[in-house]
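First chain written, first letter: the chains are A, B, C, D and E, and each begins at residue 1.
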């Protein structure tokens, strides 16, 4: 999993029937200093996440294990609102 | 999932029997400014997408959850036509 | 999926019993101009592909959905011979 | 699988019901010299790993095969505490 | 799949019960000239591979299809000893 920030929304009127009523959010992955990476992905929301919130994202087939997503054509799901993300050892990177 | 643009088609006469009658499209992934990345992938169309349309693409085993794709040998499926892709916070990238 | 070119073969006498009799080919992924990328992968052939042919490759668990590959330990399968790969819009890349 | 080091923790009060009571740790992947890469991921702990320990991490759907993780929305799991990581041939890299 | 070389071993005393008795090897991926890439991964051995041997590695959920690996938390498995790896067309790369 990784931590990301919700930065926008995607609307698709014509779509797979199993996506009806799903909220599709644009998530920017965050690095370990909680700064945004230059990328995005579209994830389905399963925890009523709000704009700008830091969220936990699961990818791959496990996204279908998120609440209410069984057999849905989704490869990324928001499964938690991050309250704290604490790295106690920052000395390790690149050393 | 990610958003891409349909830029072409692939034709394969000799192919897996489960791919008979499937439309295989060439999709160029788009960055967050809706500009094309220098890459492509081949995805099966499940929503009758048209040339140049912006589409939502799902990857991995979840592509087989798209409409009509059960047990098919596909790892990428077009599952929606994107009507709007709105990023409300562009300040985050690289900051 | 992506399009690649068959550039060689792998022979393994001692191998998983489910790979007995399978043809393992070396595939070089092609970019959108049908030029080879500097990389390769080993894929199982399911369509009797020939040397130098351009082929369609599926990856991940969906490789096991290819003809005759059920429950096999393969993560890449050749599932089609590409007759035509036409990009009608080349202006998009990097723009 | 790969070897990483536990460098922190993630707390999420609002989350998928199947994540209740799970310990989510921040893992920094290690290179072959056991130096940290400039990246992280969030993995669920299944072996009571401790801070700073070197651990074995499994990714993808196989993370759900880890002890107690059946059907959980997790794509990375800590499945072992590494006692020794011995590379007997370092001459190979880039040669 | 890809071809790699066995360069070391990982020992983990405390680990997932399904990994008991499994041999975990460090594999360095090889490029098409059989030179080592600057990277490694940890794979479970299913063909009694030996040190320095060139092996075929499968990744993802298909690693669980390797002999004896059903339902195991492994995402990479060694499934063959490579006898020959022959690229008959080296002109393609980057051209």
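By definition in this document, contacts are C-beta pairs under 8 Å (C-beta built on N, C-alpha and C of every residue); 3 or more make two chains touch, one makes a residue touch a chain.
Note that this is a predicted model, so its numbers are computed, not measured.
Counting hops only between chains that touch, subunit B reaches subunit E in a minimum of 2. Put simply, the C-alpha centre of subunit D and that of subunit E have 19 angstrom between them.
We define each chain's centre as the mean of its Cα atoms; on that basis subunit C and subunit D are separated by 31 Å. For subunit A, residues touching at least two other chains, in rising order: 60-61, 63. All the chains close into one ring, and from subunit D toward subunit E their sequence is D, E, C, B, A. Residue ranges of subunit E in contact with subunit C, taken from their complex: 1-3, 31-32, 46-47, 56, 58-63, 65-67, 77, 79-90, 92-95.
Of all residues in subunit D, only 5, 7-19, 24, 26, 28, 35-43, 51-52, 60-61, 63-64, 71-76 touch subunit A in the complex they form.
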